[in-house]
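First chain A sits with chain B, and in the next complex the same chain sits with chain C.
So, the complex of A and B:
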């Protein structure tokens, strides 16, 4: 009986709160999810203020390291391979005498921008494709889904490798027109722009499938029928009724996919097809130093720890969000 | 069932053809050709022209594409531009078995660790064992091979000195039928342990999570209660009745997982200095070694398509309710 009483109390308290607020409250109760979220917030702050790029861009200053003790590409030939704890170099230096702490801190920029951009691109393309497919006439829907099935059989990561090789070679050779403009953007971003494109191409398929499935199930609900009866058009139904209702599961799925994006970026940088050196990506830092692990174990292990901690945080947050948006799945 | 298999096989043909066409044009679109340089020096125009004529690179694109597709169906992947003494077939014959062994061992490790771990966690839900297993699983998922590889190598090979740090334990000349390793050889296993665990660890973790989640749902089903009511012992009920059904989601991810293991082996092969396919694939891209690029992509794709098909077939075995029509 006590259980029933508590349930009723919960229902009473639940009045006057939106589902989103509810979800947020549940997220705060999820300990690991909260820890992950806070860690990611800290990472975002680090990425924003690791140097003064942002105020520098606004006020026209020269960017200086702010949180990071040194610039990521500052080479010091006489201070190579110093162990952690050396005065001035908290986490030691790498094979070019660059400060590992600074490079690791700068590395948050690459990982987080990849996470944010790839997730947004995949969410936008996948949602659009999925919702259109779910709303289209059966023939079109079938065709669109056959295309997705078709792509599903592709070794997409291999194509991303080839695509990146293409982009890299183009940007080394130089180009004009639209491709030239893209090359310039890519150079300004230290080789990240093409990564965004490649990751976006890779990752919308799962989201499209999920969004279509969700759309199909929402489409049959009574409130859609009543909206239609009131004379609402397809566009209004999609934006007012379908999207808000399918967004939750889609965002959860996207958050759970983010570690994959971060790891893909690290993977591409590791095999030399990611960011352009000396842009500090954790994957690149590991690939540059793992061969010296016998003598200088900290050089690959520190960026490795950063990479693992970041993916762990996103996994925790994703789990927390899933439990928060869909309490039935708790603990799975 | 057979009808379904035939249909799947037929569906695989356009997929593979499309993959071949896309690969062909993507590889050709990369600026720079295979004969631009000899070492550091740029080759003279006339020599480059002659070399290109020799390998048929001066022919129209569609002729080259057609020839390549035709040759591939006869399992002839052409010469390697980068190492001119051997054909792509020679290289693949040498490297593919090693990559395949690595992949299979990693997958076996993932299954043999993941499924029992997930089962124990589900059976003892909300116990300390469960929390420990779940935490290990989420930690494992978050550790990419490029972190676990150097870490495991450092601890077990360099500090403790228990295991060899690099290389694969068997040479391609020692393989039975050119493919199977001597599994009685201790050297093979000693060398295989670190790379296979590195590659399989993340997958074992995600398999454990999936197994736990789906077993938790299955355990609450009526037919499990029926099995208990019949007086079946718990162990038998869980393993024979529960686990089999709960493996369906696990089987679903095995397809994509296999693809991940194939590409993941690029990193592992590099870290542990294993002469597998992955290493040659990455090198072939920088060399613009078109036949090698296209041959490797084709092998990867066939593997992926075959893995997806196996997964679909395994559904029927795992869940007799699933019928193909």
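So, the complex of A and C:
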């Protein structure tokens, strides 16, 4: 009796946990994944509260630095190139006497926005496209996938560069209507908006392929057949049965793609097509100072370390998520 | 095994033996030379190699900028200043590098005779530059020659084109006398005659090989060094020309010049530290270290260089169409701080367009734009200038910069980016409510953007450029760069401008007329007024600083300081160099 009761209790507990909760528990046991996740949480907090932009935007105040000791564009010509540890400048100053700690903290905002926005855009577009393609009749599926193949053969980075060059030209011209509104948003974001557009618009194709493949394999499963036999419509099958079962691998793939977005942003800023100076981005900070690495090594190394740590954290988190969603893959 | 190694050592030793006796200069050109053709080159790298391969009628003295004999031993100017006759020496011959013999040999004509450098080659060279078929970007500096403008702008397919070319005022009177006839008595023609566009060119080589005549297997030259090899985008080797008359040799001892084409300043500097280069530029971020380093600071040279760094204003685009806005922006640049803290090369703050070595300049004269100069140079100093700038901005309707939006554009370069951000910060602190946006473009795209063909809505408000002299005369500066009728006039100054139109018309007249006079005093007075109008009344540009040339040279290298390097005046202590 006692044995029986305990079993029932266990079963109940097991019933009460969704696959997502299970995955979360497994993720917590994954040490590197947890460390990566915590690091990213801290970064998110830093990005949100590096200054008072958010309450300032709501209440119409002037934005003041909050976590960052100084504003990122505060120039002090006579305190340039100070080494880390100088009183008042924990991580030193750059060639215009701007506080490197503050600029690195502000840089979190650019990198994380790019990560979040580009990942969301690509996940939403790619998932929708892939599921539709996998679920549609063969003819439609073929047509949609050939379009993806076409985009795959496209040199993406060159396209992003062209897109950025075009948007910058448009914004100088002064546009009206929808493009004008986009130009204004871009100005308010320090040149980041078009970066999001360029990155997000082009990075969904891998996701679309993955989602379609997953959909095709899930479509054959018995539980779909039984749902159909019970009279469930296509929409219900997609949302109740297909999506929840393919979401895991897709999220993992997207997390692992994020470091790529961050590095692309750094690269674009490095060649002058990213954010607009003086808005700090890690890539921009490196490109402005790498020539002096012999004399002032901290100037490119500090943003470089931040960049490396962040991409590493996302990679760890992606690994952890993969193991959590599919324990059979652990260690592969 | 032992034997073959010994043989290998012997072989390497034998191969290296003739090289060991050579004095070699290792130099970085900084980029692939866009050309080696005297008729079409426009950039300092091409001009540096042309300087060594082709002699001019005259050279310029490194200090006084006065013409000194080179191919021409003497010259005469007619009473009216319109006819210039050059008498050339007859002992200079055309040479080329022969890879079979491994040395420089005379170029022989069809009869096996050596070819002398003659007045016909000069006439051909000048006319080839002017010929519209050559499409030289620098033909305009020869417009002072009679008929040059008409020939250069004519349609080369029209029936009267050959007559126009014949009418160009350059004529070989005999094999060693060449005569120029000018449009107007131009006091600066002596400097023009030293330029690469007026050098003798080998007609037979150009006719035989077309555009490829500048390749090492085809090129025929007459200067102090001959081209041995040119591996594009990689390296060039030049060999001393043993047939050059002794009086034309600059007194150096360098037999071979090995050039690399490293673009990155930091890589160039690392190669210098590693003894792979004998001389190099100093990257901006390394200046502090070089100045503080006991060894490097002794190897450092900083000298004035005839170039000016400036920001131009587009005078037809809002809000820089208002002269008060332009003047306020120019005033709010703290030039001395910029030089001390950002460019760090002991440059001088600029209050005029042309610097101190150019004929007719008014550099550092506080009667022009005193707000650009610090107090120790007789100017206002920055505190007074910035207060005045804020008043002007308020008058223009932008108190504290409220409502002001300025786009500043520069070409992609780390140095330009630093200066732009520093100036952006100065403007932002003087006009805190204004919005200043920096944009960058690749050099070729950038030149396209700021040209006069670009529609005004695609233009920035402020653009960055530098100007380096082609010849040391104001005509090359205020007239050829800014004259609204004949020059580039990138700021789009117009005599119809409601605020400064009368000044523009006056500037147009002064710069045009001063180039057609020979009296130095009269010309200098006119250029003074032109500079004042340009910088202080029209405010078409904000001059920022006069360049300095900054380089380090190893202790074994002695360089003389021509603005365009003259390797034949440099000496290397080969023993010291071998020790490293």
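FYI, the second predicted complex is superposed on the first by the 316 of 332 C-alpha atoms of A that agree within 3 Å, B and C clash if a C-alpha of one lies under 4 Å from a C-alpha of the other, contacts with A are read in each partner's own complex, and residues count from 1 in each chain.
Keep in mind that, in the parts below, a residue touches a chain if its C-beta (ideal position, glycine included) is under 8 Å from a C-beta of that chain, and two chains touch if they have at least 3 such contacts.
Keep in mind the model is a prediction, meaning the values are calculated, not measured.
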{"item": "First, second, both or neither for A:96, with chain B first and chain C second", "value": "second"}
{"item": "Chain B versus chain C as contact partner of A:296, first or second or both or neither", "value": "second"}
{"item": "Touching partner for A:78 - first (chain B), second (chain C), both, neither", "value": "second"}
{"item": "Which of chain B and chain C A:169 touches, first, second, both or neither", "value": "both"}
{"item": "Touching partner for A:276 - first (chain B), second (chain C), both, neither", "value": "second"}
{"item": "Comparing the two partners chain B and chain C, which touches a greater set of residues in chain A", "value": "B"}
{"item": "First (chain B), second (chain C), both or neither touched by A:287", "value": "both"}
{"item": "Contacts of A:155 with chain B and chain C, given as first, second, both or neither", "value": "first"}
{"item": "Those residues of chain A which chain B touches in one complex and chain C touches in the other", "value": "169, 172-173, 271-272, 287, 290, 293-294"}
{"item": "Touch list for chain B against partner chain A, complex", "value": "12, 14-15, 18-19, 22-23, 26-27, 29-32, 125-126, 138-139, 141-144, 146-147, 149-151, 153-154, 158, 212-213, 216-217, 259-260, 262-263, 266-267, 270-271, 282, 285-286, 293, 297, 300-301, 304-305, 308"}
{"item": "Parts of chain C lying in touch with chain A, wherever the complex brings them together", "value": "264-266, 270, 283-286, 288-289, 337, 341-342, 407, 412, 414, 417-418, 420-422, 424-425, 428-429, 435, 437-440, 457-460"}
{"item": "Contact set on chain A toward chain C in their complex", "value": "73, 75, 77-78, 80-81, 95-97, 168-169, 172-174, 187, 271-272, 276-278, 287-296"}
{"item": "Chain A residues touching chain B - in the complex, by the definition given at the top", "value": "150, 152-155, 157-159, 161-163, 165-166, 169-170, 172-173, 259, 263, 266-267, 270-273, 283, 286-287, 290, 293-294, 297, 300-301, 304-305, 307-309, 311-312, 315-316, 319, 331-332"}
